[in-house]
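Below, each structure is written out as structure tokens.
The following pair of complexes shares a single chain, chain A, combined with chain B in the former and chain C in the latter.
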Partner chain A sequence: MTSKAKKRKSDGAVVNDVTLAEAVQYLTSCKSRPKIQGNVELQNSLNKIDCVATETGLPAEDITTLVSVAANGTFPEAICSRLIRNLIPATVVPSEAVIRAISWMSTNIPSSKIQGLLVRWIILIYNMLDTLNDLHALYGVLFYFLENEVMCRSVCHLLYLLTRKEDVKLFRVRLLVRLQKRLVFFPQRDRVWLARIKAVADRQIVEGPVIDVTGRYTSEQAKRLKRDVIPSVQSTAVTTLSSDLPKSFGQSVPFSEITSFQLLLQNFDRLELPCQMAAALKNRNLQHVLLCYPDPSIPMRLSYWLDHVLCEEFLVNPSKDPSRAEELLQNLITFTEFLKESVPVCENFLVKYLHVWNGVDFRPSVLKLITRFRLHPFKVLSDLVLEPLRKLFLCSSVYCKCQLLIMFTQLLYNLVTVELLRYRICCKWQQGKNNLEISSVDDSNNVCVFTEEVEEFNPEETISQYVEYVGNLIEVGLLIEQDSPLLMHCILNFYEVLSDLHLEHSMMLIILPRPSVVYTSLFSNSATSLSRMCHIFCRYRENFLSMKNVEVTSLSACDQQYRIMSLKRIKQFNMFIMDYSNSLWRRLAFCDTEKRTIFQMLSETDLENVDSNLYRQCFSLYRHPALVGYFVSYLKPHSNGERRLILSSFKASSGYVKQN
Partner chain B sequence: MSRDLNQFETLRKDELLPFNKLPIFMQEVMLIVGIQGIGKHALAKAIVESSTSKTLQCRTATHLPLPEEHSAERPRIDMVVFMIDSRSSASYIQVEQSLQYINRQYFLGKICFIATKVPTETQNLEVESITQLCDDHGSCLFWMDPTSGADRTVVAKKLLEMLNISAGLKPGITPLLTDCTHRLLNMQSF
Partner chain C sequence: MSVKLKSPSVQRTSRTPWRSKRFTRTPITRSLGSVSYTGVSTRSRSVRNRRSSIERTPEEKSFNGLVLKTWHVYRLSPLYKFSHETSALRNYSRMLSGHLEAEYNVGMAVITENEKANMAVFSIVRGLQKSGREPEAIQIELKQKPIRGDAEARTVYTAILCCVGASDDVLEKVKQPFVLLPLMLSKGPVMLNRYLTSWLECQFDCSVHAAHFSPLSLSWMVAIWVGSEAESTKPVMLKYKVPSEVEGLDHITLNINSKDCKVLWDCIHSTEDKTCHKKEVVTFVQALEAHFYHHFQINISAMPLCMIGTPIAVAESDGKIKIFTPEHVHQILGLVTEVILETSIEL
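Let's turn to the complex of A and B:
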């Protein structure tokens, strides 16, 4: 072999011809301070490990061995750190490996840089550990590492992941409060490293089960763990719930054992809540607890977690795999639907996300979450939420416009059914809290899980301005889409909800549909639009009648004002009715003899040369383009087999229609 | 806008005007302005591919004003799109300067902005300053991932919808009318 070839080989550029087992075997057998320069076998072994780790990840037993190799000081720092960076697990990491790492760290043989690296590695593979109990047993030991300046941040992060309720002791809190002044956030390091670990984990999911490990998780569960954002229910006390024996009084029951609603009811007074409240997103029993447990720290814990995860998954570090984010949103939707309440941190996230949203990613889920928004002053609601949606509405396809309109309808429904009442109760509760001694009022109100300070504003004002905003979009949308029947359908849905504000939701507010929508329905080719509009008019009439009969004295000043304002709209409503009945029933379309009609499309001079019967009758019941098909099928039994329809028979039938 | 109102009154020679030429039948013309290497051509290609009309023109320029030569043959420009690279403040400054060569008529719904979505480490411009620029000019802002073809198509479709309106191809609607749905411009009293 020439010297040139030798040199090439020593650089490690030559293809590996060792197996992983041989490589690990070589590294373990090395004596202290082996030759590095020109050591072909060492280079080959390292390259092989590098290669296997990146492609499939390392098996559990090799990870344990390699942790010792990296930490026992046999090799120089550069090689150790390369080894640690390659400790990418194929499925799970045995807790044995982590314990070895911590015990080597305690001996001070590895340099502080290597120690720091080991802690960072533990953080990265934290979710892949087969059991957490062994690591948790070393909690006290880990706490002492806080003294080390280099590792302080990483150890804080690890402790944050590891801390359970019983770990919180006064002396620890004191130390951490002191530290907190220096460290505000956990650093977002190791992105590339994490990405490598994730890449291997994702590949394992695709390729199917590889290794079955004994321990806490089967490989199936471990794979789910890597993919899922939402943690499962885990409790500290690992006692088995023996169903035969009743629990002794005072002994707490870990939540992981509550598998049914029945068990929840039996043990409700001695529950031990899980380590991570975020599990509530997936666990219906925990959601029940969230609803009726008086402890305000529970929703707060969930909020902190959600805030962090939503930001991380969607804004800071969006994953290439959308199914993970989609699943998170779906769980969040089920959760908010169950509570009938939006999570304030989720609202904050949506506000941020809407501004950079492209209008396509996760559209159904994002829109569904917006429908649960709380009542805010309209200026706030408009600037933060409605403005980005308006921009999207104006430059999107007709399907997207319809989706948005359905969302607007659901939001309106949510505002008037749930949020209005909640806002009023919250306001009262807040006033009571400010006026009275705090001790005499309940610390949490009973209408929201996630309590927030509410601003004083007029909720009816918000709702009517919101309707105004949607009305504007509807008018422009109809013009852009040239009266698309699909869009019209969604618009009529909106007005169906709006027409019943007084009767169904007992609000002193009636807002009429936009004239452009009313007349588009009247002149449309679709019988559904026309008849649904007529139905909406019937609902409006009943609402107006009922509002007129309300006892004025029982109303608040504000409601009285709204009542007067709403009743003023009867005049315009009557004009709509006149136009509809003039066109459909009385064959007097476009006539303003009684000065009641509000649509006057043609001036008298334009109509001089046109046969007045022609345009007056063209939108009557039997000539209306939307209804003419129905009219013909109605007349067919009366036509006696003749192809020409006889007008006299029609007159009789029109009388028939009127009578009924 | 902080510019002196009188400046608008005197018609500048190098100013881009929306109505100084007759429109060509059924033709829509879009101008994309942005620094070199920002992906103007990729976007233009995506727009042309998503369009069903055969008479769509996408023109590109690194900055305004447009050169004086050939200005007679240039068609009327219906809409101007400004692209801002979040990584470089030079692109922001160039867009800011180019905006001065746009006639005020364009600000009634005939311009829009596109900012590139980049990883936070490489982001050089503050998100607030970009949104502020767009709000100051009362126009739309789209975020686009320059590396993703799907994202480009999404933005291209939105731009096409806007172009259809600003070129006057949708009967009965103008860009100004769509702008009237804005809360601050909404004159209709409750």
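Let's turn to the complex of A and C:
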């Protein structure tokens, strides 16, 4: 403090021969009850502070010091109050100052008038505090000041500014309701004081950090923030009046009392559901109920609510503060993950939103929700969902491309694990319902909570077209991003899921990876790509073998057709294998064998100029650029210093690496 | 977004969920249904028979209470287990009165005398619907009854929940126990509106939000309402919001003689055609904007349209409307209902 004060002394303006630093220094050094009358030094110091405060405001550290001076009872009330009124910040008020004020207030050394003045000061400079968290931590302490008659009103105002959702407790509400009978609303006092603070802040706005004196949120936004997006569990008369339960079950239990799964099980037969079903988005117990309650109107209530709120938060009137919308999406994600099912209204919302989406807002959440999409005819899926995503994919960074590919992989996984089965059961159930036309078939189809009419189409067709679509994007993506290893990693993830369609998900469908991906892996510099692709080939082989041995007679006509189609791909698959083993094991890359290779990179004339042995060997196991590192570490223990051997092995590969 | 022409005459036989829901969003035509509800409608005969107990007297059909007042428009999701029965309505009145009292006891520190209501009255507004298939409109009045003396209760707040001219598709989708009343007109102190809203949300598991009219919706309104016959000579008004970068100017208001507007509209739209096309609406508004450009060299179409006025009604983008003529109530509320239902995803 003192060193800083001295520094400022050199350039500070001098009024009455006292600098601000000296003034502050004098006030802090004063012993208890100094002489007031005729104390020139004291008067000078006060005048100086007055002057500086009105002109430029006080620096942050001086405010902290002066708060202590004003509150520690050294000076009489009049001087203290003058000091507090001059605590006009130049830029920000450190929360340290406010904490000191409150701690002095707790000691009862300052008189209640000074205490009241301090609270009023905190209210005025509330928006200029550097951090609110420290002050908020003292919420409980502040609450006790309500007992003080003089300060009550100001403390109420301060609490009003500070209160967050988690602060609202029953005992506090009770106390405030009691207080409210005595008090009226807090009027805007201290107008002149506020004007002084604002005038200084306006002057300072050019320099220093920009502070929003007018408030952090407009009142309308603040009101909206104070209300939860998702309603809490509560009951009203509507459910009690028209309860579907027979009286013999006895007293029904309001859902707000169900706090654990145990309680839920004990009271399952006499639950009184909450009045707002949307509470299920946040309440796990209610989600359990939703899963097994037979009443179809329950999911409808949730759907209608979601419809309205999603529209409001994202399409019609998007809030300036994205945290509300994000919270809603997060809850929706947890909810759908728990149900393992997408909410149709949420799908419809996404379709709408994707067409106006900028591709940045809430990207992870939006993509996560898309992964839960149901099976639809490919035309529909493509028009409404995949087309906007394709545009995003083509014009975004590699990181976003990877996010999208991860999403595509998850969507594929979801389609083949959950949605395919659900679709088949739904179809069967729907046919049964249409044929019988009466209620002999269960009203709910017990595979989905949100029942939707399904269209008749071929689900395998959708999946194979979807894979085709992703394949196209992968090819273009590899070109644009020049075989980025990160992108390759995501691509291989996709093909790992795809390779196991038959064995893992018992589909009669095997779709091969794109040749461009296969050969990018073969010629890549990354050993992971190469080895993972080899692993994927192994999986394909297992799948082909297993599919060959399937009892044909047990299959439906459609599945038989798909089986034949898939088995036809063995020929191409064998070519891939041939190329891999020719290059890696047999040192015969780019060779025309009796089984023709798929790729032909060099024309005959080009090959004439090159040592044929060299290029044929350059992708062999021990010369492959991706594997050189492994090869070296393998040779090291055996080489006994024979470096020539290693170097000659490098020859071919190093040329390739350089080109890359 | 891809749009498929929505023709009201085509009856969908096999409902394909994706198509019915997702392709018909932004309409390119609207029917010019200026006919008010007459009680006789071919498609609702069977329903009407069921409701034959409801008498419709002429005075019920005049909506003088609705006109010449500024209403705030809210949109509601379908109400769960709402009932039109008299006993139920009485019950709601009682419950809402109780709710208001509870809110005052807990509530805010300041309540001025004007905003205090201690009595709620639910009633049915007969005839505020376009077909018998639509649920009847409900009026909620919050009244202030003096505690001492038998002076008459004073209405401090009015809300009207209605559904005027929803398409058959939409009506079909909302099944029992849900009731579709998507439009709420409200007038009165904000505080009471908030109390009522929270009560509705809790009681009928619905969600209430203030409606917003997009510039396109406002264009539809101005075109269709200019086209309707009206005796009033109020000018047609288009108000554009000036971007905040321009200092000293908030709005640009364009006033045109309504007769001239009607002539212009009749040139664009043929009177025999009972449907209004989006192309016509766009042409109409563009013509007015071009006229403005010709005189002032200001490209007004670059600014968002925020308010429109016609001889029969005024609408603002933040969801306020004012109706001038009682005979056009159905037409106006019909269009507003349509616009509001379009914002919904599911319906």
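Heads up, the rule we're going with is that the second predicted complex is superposed on the first by the 403 of 660 C-alpha atoms of A that agree within 3 Å, B and C clash if a C-alpha of one lies under 4 Å from a C-alpha of the other, contacts with A are read in each partner's own complex, and residues count from 1 in each chain.
Definition applied: contacts are C-beta pairs under 8 Å (C-beta built on N, C-alpha and C of every residue); 3 or more make two chains touch, one makes a residue touch a chain.
The structure displayed is predicted, hence computed values, not measured ones.
Look at A:159: by the touch rule set out above, it reaches neither chain B nor chain C.
In the superposition on chain A, A:394 contacts chain B only, with no contact to chain C.
Judged by the touch definition given at the top, the superposed model places A:30 against neither chain B nor chain C. In the superposition on chain A, A:316 makes contact with both chain B and chain C. Which of chain B and chain C touches more residues of chain A is settled by the count: it is C. Of the two partner chains, chain B is the only one that A:476 touches; chain C does not reach it. In the superposed model, A:355 makes contact with both chain B and chain C.
After overlaying the two complexes on the shared chain, residue contacts for A:577 are found with neither chain B nor chain C.
Once the two complexes are overlaid on the shared chain, A:231 sits against chain C while remaining clear of chain B. Overlaid on A, the two complexes show chain B and chain C touching the same residues of chain A, namely 316, 355, 383.
Within the complex formed with chain B, the residues of chain A that make contact are 316, 355-360, 379, 382-383, 386-387, 390-391, 394-397, 464-465, 468-469, 472-473, 476, 479-480, 482. Chain C makes touch with chain A in their complex at residues 1-2, 15-18, 21-22, 25, 75, 77-78, 80-81, 91, 95, 105-106, 108-110, 177-178, 201-207, 209-210, 212, 343-347. Here chain A touches chain C in the complex through residues 173, 177, 180, 183-186, 231, 234, 236-238, 241-242, 275-278, 297, 300-301, 303-305, 307-312, 315-317, 345, 348-349, 351-352, 355, 376-377, 380, 383-384, 452-455, going by the rule given at the top. Chain B contributes residues 117, 120, 127, 131, 140, 142-144, 151, 154-155, 157-159, 161-162, 165, 170-173, 177-178, 180-183, 186, 188, 190 to its touches with chain A in the complex.
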